[in-house]
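In order of appearance the chains are A, B, C and D, and numbering begins at 1 in each one.
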Amino acid sequence: MKILFIQTGGTIDKDYPKTKGGWAFEFGEPATERILSKLDPSFEYEIHTASQKDSLEITEADRQSLADLINKEVADAYVVTHGTDTMMDTAAFLSSRVDRKVVILTGAMRPERFSNSDAPINLGVAIGAANLLDPGIYIAMHGILKSASEIQRNADNGKFY
Amino acid sequence: MKILFIQTGGTIDKDYPKTKGGWAFEFGEPATERILSKLDPSFEYEIHTASQKDSLEITEADRQSLADLINKEVADAYVVTHGTDTMMDTAAFLSSRVDRKVVILTGAMRPERFSNSDAPINLGVAIGAANLLDPGIYIAMHGILKSASEIQRNADNGKFY
Amino acid sequence: MKILFIQTGGTIDKDYPKTKGGWAFEFGEPATERILSKLDPSFEYEIHTASQKDSLEITEADRQSLADLINKEVADAYVVTHGTDTMMDTAAFLSSRVDRKVVILTGAMRPERFSNSDAPINLGVAIGAANLLDPGIYIAMHGILKSASEIQRNADNGKFY
Amino acid sequence: MKILFIQTGGTIDKDYPKTKGGWAFEFGEPATERILSKLDPSFEYEIHTASQKDSLEITEADRQSLADLINKEVADAYVVTHGTDTMMDTAAFLSSRVDRKVVILTGAMRPERFSNSDAPINLGVAIGAANLLDPGIYIAMHGILKSASEIQRNADNGKFY
């Protein structure tokens, strides 16, 4: 099994590096790298960066580039880390532009840099699903794996279900 | 979806609490509790403790108790945290004693208490698989999900594949 | 020995809680509580909250309230957690308003919630100094303990020295 | 200021690396390295390894080697990481063999690899004290800094005071 991990940005990758004249949240190396180094996986993988953006800033052009990347690269599954605010929009977009591929979007409610982050668990859920899924576009958040057309989100507390 | 998590012991749950006259590794609260509090899951769950042992000390009686617990309790999936040394033995045992249930064994190469532990990712893989699997006995380790009859382990580096 | 810890805000206490309509950095419980629960200290202590602000938003009124709090409360040492941008300004202010008290300002370059935070070490430096110092206003950052009048900061990389 | 950090072993450095035929606690790289990389200190430092032992296995010969190392190397302060069981014995030994040097022994109740470790705070206390102390042999544990002749330990709960 080969998984292609694709970074687009979002909470999961928010870091707090030093910047001259202030300290702010910025996007750094894919959190996926740090998580996979702890897992020491038995599957093959590559990590690509498509964008490094808050998901509210992801454009249709970004989504098309992401679809093109997935359509072009050969892998058994594609795990896309993405901000939660527009994760369902990107999943819907990919549903109409990607064909016959296993694509799972995931992310985090708290940055992977946080000691109480959900990122490693969420990425695990996506990896577990990548072992088993038929082609389609899916979301893995809060321990739930559902297709892009079935997943829903509670607007009050942000939980996917 | 309701998942029943069952603690049996193993590296994942090893802690370093204070003990009079020395400080040693001991088994504490299920690591699953701490991991799920970070995930804030959208599925229902319960956590049971079947045993708190190094997996080299798991007996046939322990395995029968575990099978009885799984057969008795009602859930959509059963995630068993277990030491890695005899995880495959327990999986084989359950294969002949548990019928028509989704059972996934997982664990960790480094205790969940370690900041570089693989425990949250492994539990995530098991949870992801719990969303999708047909009845059977499975192992989730090193990012791989395979049935009890298919999983193998590299004796040199301890990796499941 | 009794230490009074005082939260004013700053990077050390930045958290990433859920907020309706977006996820942003906010100030939460004092990081000092989490750090001291790991230390299990042999000294007496209390934790007070004076403010929960980015240090660029700390006003002269906030500083006067902080000075009043220190002058009023009885303790052997006062450890003030503070944002780094104006930590030296607050230290200078306290130097003229607090008399015959051991006051140590500290903070962090990365929030305590981050797994690679410097917060626990910095708080440790302040605590170590609290065991030993004569009255005065001090800053503890980057492993250095100096009086308010001696400490300097590198404008390029943000390091105190 | 230049600090020489010296690893002798003890809980602070216990790791859980893979070993063929079992997984056990072993001593790895000095935890001090990982802690200082988070601190990014403004002081100069070197890290030496004197031994990698549980402190119950530290011999008089080990203690003499440690004293020789401290007497030979030039630094403003020496921070010795050490197991807690015989930390006071080593401190007493050094008191009669090391002259006119600032030596601070510290360690941890839980390995630095643990996410709830006290190691970063304890090392911080030692560093804070290293900024201020006159020559002598000291212990820094549980937030308390005392000379080798004054420190005591509660036999029931293991706390230094």
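Assume a residue touches a chain if its C-beta (ideal position, glycine included) is under 8 Å from a C-beta of that chain, and two chains touch if they have at least 3 such contacts.
The model shown is predicted, which means the values in this text are computed figures rather than measured ones.
If you take chain B and chain D together, no chain is in touch with both.
Distances between chain centres, each the mean of the C-alpha atoms, put A farthest from chain D. Chain C and chain D have CA centres that are 26 Å apart.
Chain B and chain C have CA centres that are 42 Å apart.
Residue positions 109, 115-116 of chain A each touch two or more of the other chains. Taken in their complex, chain B has these residues touching chain D: 11, 14, 16, 18, 20, 22-23, 25, 84-85, 109-111, 113-116, 155-158.
Chain contact summary for the complex, chain A toward chain B: residues 1, 35, 38-43, 109, 115-118, 120-133, 140-146, 159-161.
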